[in-house]
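Reviewing the structure listed below.
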Amino acid sequence: MYIRTDQRKPDELRPISITRNWQTAGESSVLVSFGQTKVLCTGTFEKDVPVWMKGSGKGWVTAEYEMLPRATSDRNKRESRKGNISGRTHEISRLIARSLRAAVDLEKLGERQIIVDCDVLQADGGTRCAAITGGWLALKDCLQWAADNNFLSSVNDVLINQVAAVSVGILHNTPILDLPYEEDSKAETDMNIVMTAKSEFVEIQGTAEGVTFNRAELDELLRLGETGCQELFSIQNSS
Amino acid sequence: MYIRTDQRKPDELRPISITRNWQTAGESSVLVSFGQTKVLCTGTFEKDVPVWMKGSGKGWVTAEYEMLPRATSDRNKRESRKGNISGRTHEISRLIARSLRAAVDLEKLGERQIIVDCDVLQADGGTRCAAITGGWLALKDCLQWAADNNFLSSVNDVLINQVAAVSVGILHNTPILDLPYEEDSKAETDMNIVMTAKSEFVEIQGTAEGVTFNRAELDELLRLGETGCQELFSIQNSS
Amino acid sequence: MYIRTDQRKPDELRPISITRNWQTAGESSVLVSFGQTKVLCTGTFEKDVPVWMKGSGKGWVTAEYEMLPRATSDRNKRESRKGNISGRTHEISRLIARSLRAAVDLEKLGERQIIVDCDVLQADGGTRCAAITGGWLALKDCLQWAADNNFLSSVNDVLINQVAAVSVGILHNTPILDLPYEEDSKAETDMNIVMTAKSEFVEIQGTAEGVTFNRAELDELLRLGETGCQELFSIQNSS
Amino acid sequence: MYIRTDQRKPDELRPISITRNWQTAGESSVLVSFGQTKVLCTGTFEKDVPVWMKGSGKGWVTAEYEMLPRATSDRNKRESRKGNISGRTHEISRLIARSLRAAVDLEKLGERQIIVDCDVLQADGGTRCAAITGGWLALKDCLQWAADNNFLSSVNDVLINQVAAVSVGILHNTPILDLPYEEDSKAETDMNIVMTAKSEFVEIQGTAEGVTFNRAELDELLRLGETGCQELFSIQNSS
Amino acid sequence: MYIRTDQRKPDELRPISITRNWQTAGESSVLVSFGQTKVLCTGTFEKDVPVWMKGSGKGWVTAEYEMLPRATSDRNKRESRKGNISGRTHEISRLIARSLRAAVDLEKLGERQIIVDCDVLQADGGTRCAAITGGWLALKDCLQWAADNNFLSSVNDVLINQVAAVSVGILHNTPILDLPYEEDSKAETDMNIVMTAKSEFVEIQGTAEGVTFNRAELDELLRLGETGCQELFSIQNSS
Amino acid sequence: MYIRTDQRKPDELRPISITRNWQTAGESSVLVSFGQTKVLCTGTFEKDVPVWMKGSGKGWVTAEYEMLPRATSDRNKRESRKGNISGRTHEISRLIARSLRAAVDLEKLGERQIIVDCDVLQADGGTRCAAITGGWLALKDCLQWAADNNFLSSVNDVLINQVAAVSVGILHNTPILDLPYEEDSKAETDMNIVMTAKSEFVEIQGTAEGVTFNRAELDELLRLGETGCQELFSIQNSS
């Protein structure tokens, strides 16, 4: 049977840490770590929605993800200097945004926008899941700021779901939870699961590059994901 | 119970048509329709792999997806004139590429590259699934071209999986198969399922914008997707 | 004397085919073939003119030309991924737009815009001429759509010219009509002629790369061009 | 009959001035004026051809055209700051390059490249024609520099044609030569004619925006163009 | 002791020439030479300020610097074709703009904008200083144009400082004034000094690449700079 | 006399903190704070120099500066999404790079490159100075890493200067040290001073927007800058 390099059990998360109010800039600021992965999530509250939503009566939540050039063991060229953002950056930003929107009643938010910036300071696998998990707290704290400043009457009306995310995968035929880069880069299947605290699904993205997976494996991955998310909800709540 | 606008049963595909050798440019050319959705898939065989794979002994399969500006009921600005491709275009191109790579033994392909261009001539929902389903045939025909021209000794060694894709979703609480734009734009949950003819999964991408979905719903969506894919495999085989 | 590879006479067009209403997206949709060259022309009617024309009381007609990456025997990188459109694409788009504007009384059109998208599905020489010839029908059908939908009182007031285009050239000292890629790439002189059904000129673009041409040759090229355009007008009319 | 604002006869050029060696940077430097239009043409000799021509045994001549932002009565945003060059700039650069290549025997040039930069310091109509006429001298002087520095054995072998260009047009039904901006902007037809001193054609680009032109008018425009070019050849020769 | 290649004394300027009204396009046009360095400075007067300043009651002065591709002994690729402007171009444009703003009382200017375009026709060191020195005259003449056309009641109220700039540096341990490219490229320290006619500083930008400089050297550089600027003020005044 | 909002004396630095090895990614990682300004400096060691330096026998040191979008009290659009980096970002990156190169004997470094990434996590004035001061330690630790891994025989040979930077300015006629954003945005004069521990100058960049400064004020600013840098050297040494 496959023994993980850091001795974790297959269904064990890495050490998770969440620091709220890490900085003073931003309506909210959350530093989240999943092991060596470190993401700074910052909430911005805007009194207006983007032009294309004006007059809809509804609010908007969006997110932008980006990695510092030396977040990884090899340095990546800055996307700002390449002149455009990569498909991967686009894709992850969109995933985080959709996941956070699932937490909010946009009609109750009214014509305001919340932007959650997720900047990866250090990357060791699972950055998008850390960003969603920390980003949800940045979103919550940003809504609280808006309530404290009389832009919202109540956070509870607007924040309808608690959201967290975790990666699962299959390595050496073993389904495992929360893969660091070393495992992620060798996994036969890689899946990101975004859930609510009510155990409903927000997003499932599973990919088999090379080795396809069958229904039994999928079921086990979904079980692991649910376990991991439940643990993350309780860490969010105690942070 | 929800009655579909085109009277289809929940588990019924739209009329599918696949025309091979639709054009003479390209090593292969497949025009695929899922109802009003029409995608032109063209295979290009290159004798070399991209620079970053040189010397690896392995081949590469990639794909590029794009929509004509007036494929849709409203005209979209051309991405070439906007100066960069959108997150959506990036994301779908990457999904198609990963799905097609799952069909190929890259080591057996050797240091060659196959590019499958998927240009959406008309879009009415499910364009990425039509592109994967038609693209797999463009891939197969391109490999056949390579075998006929002595770049490969056999297609069967290289083409290890038959791949197709279909969209499923939940609308008015009813799980349904192969959504046209009108249903897709209102669906509570939207999922794309990419499978092999051996009933294994290549990709699962499920998204809930607004209404989350539970495990029972997920199970039904997976069942519908498998049904749809099986039908697509038989259409691919008889085309 | 020079014998053409496809046995055509010097003043003979390739087989021309024009299919109106090829797709349902777009106010009009025309698929035009000049031999192996295949262009999809789609008309879009917009109720407003571009910002810089607001208040002028006049309408606008524009066009955008682009080739699919594998329209040609070698694959071209997508312009959307290169980040900008080439000089050639710019130049041809502008030529088509000017040619189609010559067909329309912009004052009678009023403050509306028509965009004709010309996407080359397969390229074998003469793509810009096919685009103008098919684009004129897409323009006409788009105006008819506007009349049918009460945006215009009459097509005849607005559409003041019938326009078509054909390429001519000199190869092995022989003036010839409607050159496929194989002839075009070796021609000493290459000329595109855009005319009206009244035998007046809209555009003449003649280029000598390497071998210059004299007045007698120019006269013969103009004669060939007029012959070809007359034939195209009758094909447009019967399509 | 139409009287030109500057009292010129229909077939009369504006005052032309050509200054060779206007600057010391560049292998050659020519400042050319057609009336108030002023273009700085600079020749660069490169010992290599572009990558795509390596090994062909042939040389290359190219040109780049651009306008200073306040060359015109209204200021234009710099193309460098807009992030790409316009279709017009592309189109004119390509025209100048083709015209200058017609002057050179690329095989005799051998694997070297000449770049002629044409920067419009002030624009009052006819900038592309001034650029070709001045650019030909910059090309000639650049070849002379190459001969003087032993990169070529002789200029005469390589420079096989003398090239100049002039604009003609129809205004108030009157064919006229060398239009300043005021006439150009109102002309019914606008044509640029590039010729050799042997009275052969290099390029003809005639455009009718609004009013089409017939064969008799075309013949008169060609006659005016030839007259103008002959005069420009003698000015080039005496500069 | 170090003898300068052009025999100048350490505190001697190159021959300076300033031609006002060099062109007719532009509200003002100044051609300035510092030795072989030649910069065309053109003033544009706009009746509005940029959007971000609307309603402030204040005006704005900005500047754009760019070099022709063959201003230098080696040809540089055009920034318009590279798709963005370099850090150097940005930096110098900003320096010129700040320097010229120091000459103007923006409140008295009112909500108007002046743009000074500084295009380097030939570069032999000190281009930014020539641009500031010539640009100040283009600014002054542009204000005069505005007064003559009743957009301003008086130039003197608005133009509160006379500004000029010069480069100084240390080469072979010798502080020198107004370095041509040959000296500039070898200098141990390079400094640009922008001053007013009242001997106050507008900008000091000193850089040591390789050899740092001490306080005594700095003092001598400041003295040389002041000497040079005083001479430039008198040349501006007599031009 | 002007009393600073945070009660500091005119020549007093804000609280400075420097944390080495803040992250494990990167050959070195330094988190530096000047008050609320927080910059993450990361060193990357590359075994090769950029292409244009190959064969020179010399090494290269460069730096890239960028701000997170919500480092400031208002959110800035990401430069990666705008498609290019601003003039300000370019300018500061170049300043940091020149300053750090002054610390290194490039010949002794040999053909290797060090990249120091300076990412501003929170911005409250003086970000470029914090980046240089922290970046010098990231540079030093990166050289130490290279020595520890046998790419260099000794750090001392290569690291020839200790470098730090501080901002000074004049506010309400009072010269002050180390300005936070609130003071910086209102200052009459703003100057950045980069020095070595031997009290020599590396860079001086002084700017007067609106109010020019005289020689006596300049002398006082230089004195304050030297005081501040001396203190920073001792903080660097004890970190």
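All chains are identified by letter, namely A, B, C, D, E and F, in their written order; residue positions are counted from 1 within each chain.
We take it that a residue touches a chain if its C-beta (ideal position, glycine included) is under 8 Å from a C-beta of that chain, and two chains touch if they have at least 3 such contacts.
A quick note: this is a predicted structure, and the numbers were derived from the prediction, not measured.
Undergrad: So which chains are sitting against subunit D and subunit E at once?
TA: Intersection of subunit D and subunit E contact lists gives nothing.
Undergrad: Looking at CA centres, what chain is most distant from subunit E?
TA: Between subunit E and the rest, the longest centre separation is with B.
Undergrad: Nearest 5 degrees, what's the C-alpha rotation angle taking subunit B to subunit F?
TA: Resulting rotation angle: about 120 degrees.
Undergrad: If you average the CA atoms of subunit A and of subunit C, how many Å lie between those two points?
TA: Chain centres of subunit A and subunit C, defined by C-alpha means, are spaced 50 Å apart.
Undergrad: Once you find the CA centre of subunit B and the CA centre of subunit E, what distance in Å lies between them?
TA: 59
Undergrad: Give me the residue numbers in subunit E that touch at least two other chains, ranges are fine.
TA: 83-84
Undergrad: Could you please specify the touching residues of subunit A with respect to subunit B in the complex?
TA: Checking each residue of subunit A against subunit B gives 84, 86-88, 90-91, 93-94, 98, 101-102, 161, 191, 196, 198-210, 212-215, 218, 222.
Undergrad: Would you mind writing out the residues of subunit F in touch with subunit A in their complex?
TA: Residues 23-26, 36, 38, 40, 42, 44, 46, 64, 66, 68-73, 75, 78-85, 89, 115, 117, 119, 121-123 of subunit F touch subunit A in their complex.
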